[in-house]
Amino acid sequence: MNNIVMPSDKPPEITSTDETSLLVIVLDSNPGQKMLKDNPHILTHCVDSVIAFANCHLMQKSQNKLAIMACHSKASYFIYPGPGKPLDVRQVDGQYEVFTAVEKTTKQNLSKLLSSENSTVVTESLLAGAMAMALCYIARMQRTKPLGAKLNCRILVVTGSGCSASQYMNYMNVFFTAQKQCVVIDVCALDQHLSLLQQGCDITNGLYLKVPQLQGLLQYLLWVFLPEPPVREKLVLPPPVKVDYRAACFCHRELIDIGYVCSVCLSIFCKFSPICTTCHTVFKMPAPLAVKPKKKKIKL
Amino acid sequence: MADNGLSSSNHESTLIKPTNLECKNLYDYLKTRPSNVLERLYNHPTICLAVYRELPELARQYVIRILFVEQPVPQAVVASWGSQAFSKEHVYVSKVLTELAVWQEAAIPGGLLGWILSPTFKRNLKVALLGGGKAWSMSSALEADSKARDVTFLDAYSLERWECVLHYMVGSQQQEGISADAIVRRKSGIFLLQYLDTVEERGLDLVECLTFLFQLSFSTLGKDYSTEGMSPGLLVFLQHLREFGLVYQRKRKAGRFYPTRLALNITCTQNKGVTNIEEDSPKGYIIVETNYRVYAYTDSNLQVALIGLFTDLMYRFPNLVVGVITRESVRQAFRGGITADQIIGYLKQHAHPQMLQVDNRQPLPPTVVDQIKLWEMERNRLTYNEGVLYSQFLSQADFNVLKEYAQSNGSLIWCNKEKRTLVINKHAHDDVKKFWKRYSKGN
Amino acid sequence: MGDEDDAKEYRWETGYEKTWEAIKEDDEGFLEASVADIIQKAKRKRQALKQGSQKLGMMRHLYLILDCSDSMSSQDLKPTRLLCTLKLLEIFIEEFFDQNPISQIGIIIMHNKRAEKISDLAGNGRKHIKYVNTLNQTSLIGEPSLQNGLEMALSSLKLLPSHASREILVIMGSLTTCDPGDINVTIENLKQEGIRCSIIGLAAEVHVCRYLAKETGGTYNVILDDSHFKDLLFEQVDPPPAAGCLESSLIKMGFPHQINVEGSEEPLTMCMCHVDSTSEGSKLTTGGYYCPQCFSKYCELPVECRACGLTLVSAPHLARSYHHLFPAANYTEINFDKQVALCFACQRQFGESDKQIYECPKCKKNILHRL
């Protein structure tokens, strides 16, 4: 609004994204996931990579913030900053003490968690729940920040488990909430392709990457996920993969091109049925004339 | 009032020597250092970390990408990382990285040119990030402090120390206060740079001191650190920092010290616009209204005095002062050597959260900001031009010829027909002189 | 205001409410905490109510009838009633399509005793917002005609299939209406068709509005100020319970996906949505959504295929509505008695000020906070 340009004013700097950014990493450490069942040692490698990546995030700017969560089959926990007082960490080598604190706290809390885990192995991880918790955490940080400050928030999910359709509703609620809160969701798939989470990335403008080989996990993380969303446009990153937004029908769980949707509960069916299996509504039969030609086309 | 103001403006100029005026941030400071000093500096993980954080956004990404690569990366490949629309930024970033000797050119078999990180920088940044190497000098193990100090105490302490230093520097009670407190953080940076220049004269090692300073900036607020194993020089330096309020020590020989908020912010002089996200950071207290009234919720005498420098104080309550910004009050501040930008910067920096709520980029009413700037411009009605006086022309014709020539190439500053005198821009003097010689020869 | 649906007793006949006793000062003499508490309780109450009704009208077809008469130029809302309304409508439309992606809106204005259709029922929020923005140029003249407005909406809504939820939202600034015939007949017709009419009054309560709302199952409220106006408007965002005569049926829908043949470049094509618009002509692009039935291309969803009439949506559009239909379970409120130190979700420490905390009924983890 200042129309008067003082001679002493310098032209603005080329780069300036001087905003604080908060990164919440959701690490799937469920020992039941397929990848870890085959080879439990991978977890150490993943944890190391994630910690190094997290420290790189903190290294970017002094005011950057970080939280790490571990996601299991029954519940999710914050492992950094963990519950209780921060660890009193003294330097042992040339590492920056904040980084040492991140590493020690994370590893300590994670091992505590893994040892308390009982042996019943469930393959499914509660990723949606973990993301919801991350959103709560972000909402709190947004609430308590000083007025006028800007906080860019994002969530990075690192997981080797598949996405299960049973959490579909939870996932969608999380994605839409994140979209509303302007929280970006990034997903780094370690083992299987995750079509549901990919949709989430697309909805929230995040990035999705299926790591081709686990060995180079840290490099993949640093290259793709380290740049914050405002910086991403300045870099050439893997182009967004076209997301398959087709719906799966409720009856056979198959992706369909054309389907029938219940007007009451929006359940999706691949064939016409006179009664909705979800809400038990009885449907009016469509006029035969309208139906026949359409049905033919489906078979094409 | 006037001579008082004059004296304080003198202070301002003696405080900051022109050589260092340019060095507003770490980048500018390091750029001017010779490469062998840089190489020595990069031997310390702390400095690598600090330099890394001062790099532009894109540069930081580049460094991270080649941090774990052992061979040089072709320049063309690096250029392809940035998107087309930001190629200018890429060029700028490459320049910065080269100037700071963070990366260097290297030939790749096949005749291509590539970039490779400076080996020292790479090694020590990795140490800072992943561990290894020697511990920092101040991190020896300590037993718990029986009289541990909390953050609020340290904040109060550092503020008090700074006030002392400022009062000392000014020699008077409050006159100079504003330019210092207004931008304490930036100022403390500049001030320290100034101090660092004298460090070597005092027989201290520059690299050692710088390293320590950066270590300090990476320490945690409210945590105590050990002085064990520090060199005698460094201990002297620590005492100096203690004087400035950058660290707190109960006793000279206490064996431990606490860094204060000032120390933490010493290296991020560049991003002074950043608002701290911490829940315990000090809050702003000033409200400025479009009717030029200033409400300051404070009970600190120093703050009241500062406000009083450029406002007419109207009311004073236990926790609130009300003043009004007038042309006279602002001009008085100008006469004292305070600039409009400093006043605006001060008001902005301490703006009440309520004002930030409306628009955090520009919390002050634009009319007030513009008016303060206008009042300042009012004082700068004279413009200075270096010129050469031509006089004693023999004839009006000669005068006219020269006047027209000077006018045609835009170097005429002033002329008087009656007295036949001209003032010509100094840069054009040679040219005009030649013309005159040619002209007089022709005649 | 008129929150009670049964207007059997007048306000002065209802029980003696000591409204001031609900508000208590806290230790420092502030009222904020107490007021926040009341708002919080009201929120919880609304939340709890949501669980009950299962059948909602999901495919909404809503006509906004906006008063553009002389009375809208009044300045009791800043800057004027009209400008304030338009600004809120903009947010409302965005929010509406955000929450009801497969629904449609149409806009009608009433001025100078006439009704005028500004935009037809359509599902594109941006277009409607554009129309709304042009409305600030309208001349505010004469009286509104409620009947004409309703009749126009009725004639359009009548044609819709029976499974569609049909609604009208009237924003009324005037205290009078100038009608050509008997408005009771129109109201009767609306009732017959099962069209739900809600009215937001900007001035004062009017009998005919209350009657209309009551007969058709809608709500009628008069605003207190602009923030109350916004609240009332946003109440309309959530889908209403399905009208009694709403028939249910299976609707055929297409789920287009981007056709992606490995290794081959997608051909440049034009999209159907912009093909005949004059302002922004259709551009040749590669991406897009193809109707699975007739392969016409569209650049955004949801849309009704112009060629074959199939409704094209994507799975998240349907999913967005699911939280209305299958709302998440409510937390149970428990008194805070230092059972736990940290909020499970956001890791905040429970402090003295937290009197109530919430507990998940399933896993018994404690959550702080206003939801």
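Order of writing sets the labels: A, B and C. Residues in every chain begin at 1.
In the analysis below, contacts are C-beta pairs under 8 Å (C-beta built on N, C-alpha and C of every residue); 3 or more make two chains touch, one makes a residue touch a chain.
Chain identities (UniProt): A = General transcription factor IIH subunit 3; B = General transcription factor IIH subunit 4; C = VWFA domain-containing protein.
Remember, predicted model here, so these are calculated numbers, not experimental data.
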Among all chains, whose Cα centre is located farthest from the one for subunit B? C
Just by CA atoms, which chain is the most central one? A
Please compute the C-alpha centroid of subunit A, do the same for subunit B, then give the distance between them in whole Å. 40
In angstrom, rounded to a whole number, how far apart do the mean CA points of subunit A and subunit C lie? 30
CA centroids of subunit B and subunit C: separation to the nearest Å works out as 52
Interfacial residue positions of subunit A with respect to subunit C in the complex: 75, 78, 81, 83, 132-133, 136-137, 139-140, 168-169, 172-173, 175-176, 180, 199, 203, 242, 244-248, 256-266, 268-269, 272-273, 276, 279, 281-284, 286, 294, 297
Which subunit A residues qualify as touching subunit B in the complex? 1-4, 6, 8, 13-20, 52, 55-56, 59-63, 65, 90-100, 103, 141, 144-151, 218-219, 222-223, 226-227, 231, 233-236
For a test of understanding, state which residues of subunit B touch subunit A in their complex under the given definition. 45-46, 49, 52-53, 56-58, 60-61, 64-65, 68, 80-83, 85-86, 88-89, 92-93, 124, 127-136, 139, 141-142, 218-220, 267-268, 271, 273-277, 279, 281, 283, 340-341, 353-354, 356-357, 360, 362-363, 366, 369-370, 373-374, 376-377
Subunit C residues within the subunit A interface of the complex: 54-56, 58-59, 98, 162-164, 242, 247-258, 260, 287, 292-293, 310, 314-316, 318-323, 325-326, 328, 341-348, 363, 365, 367
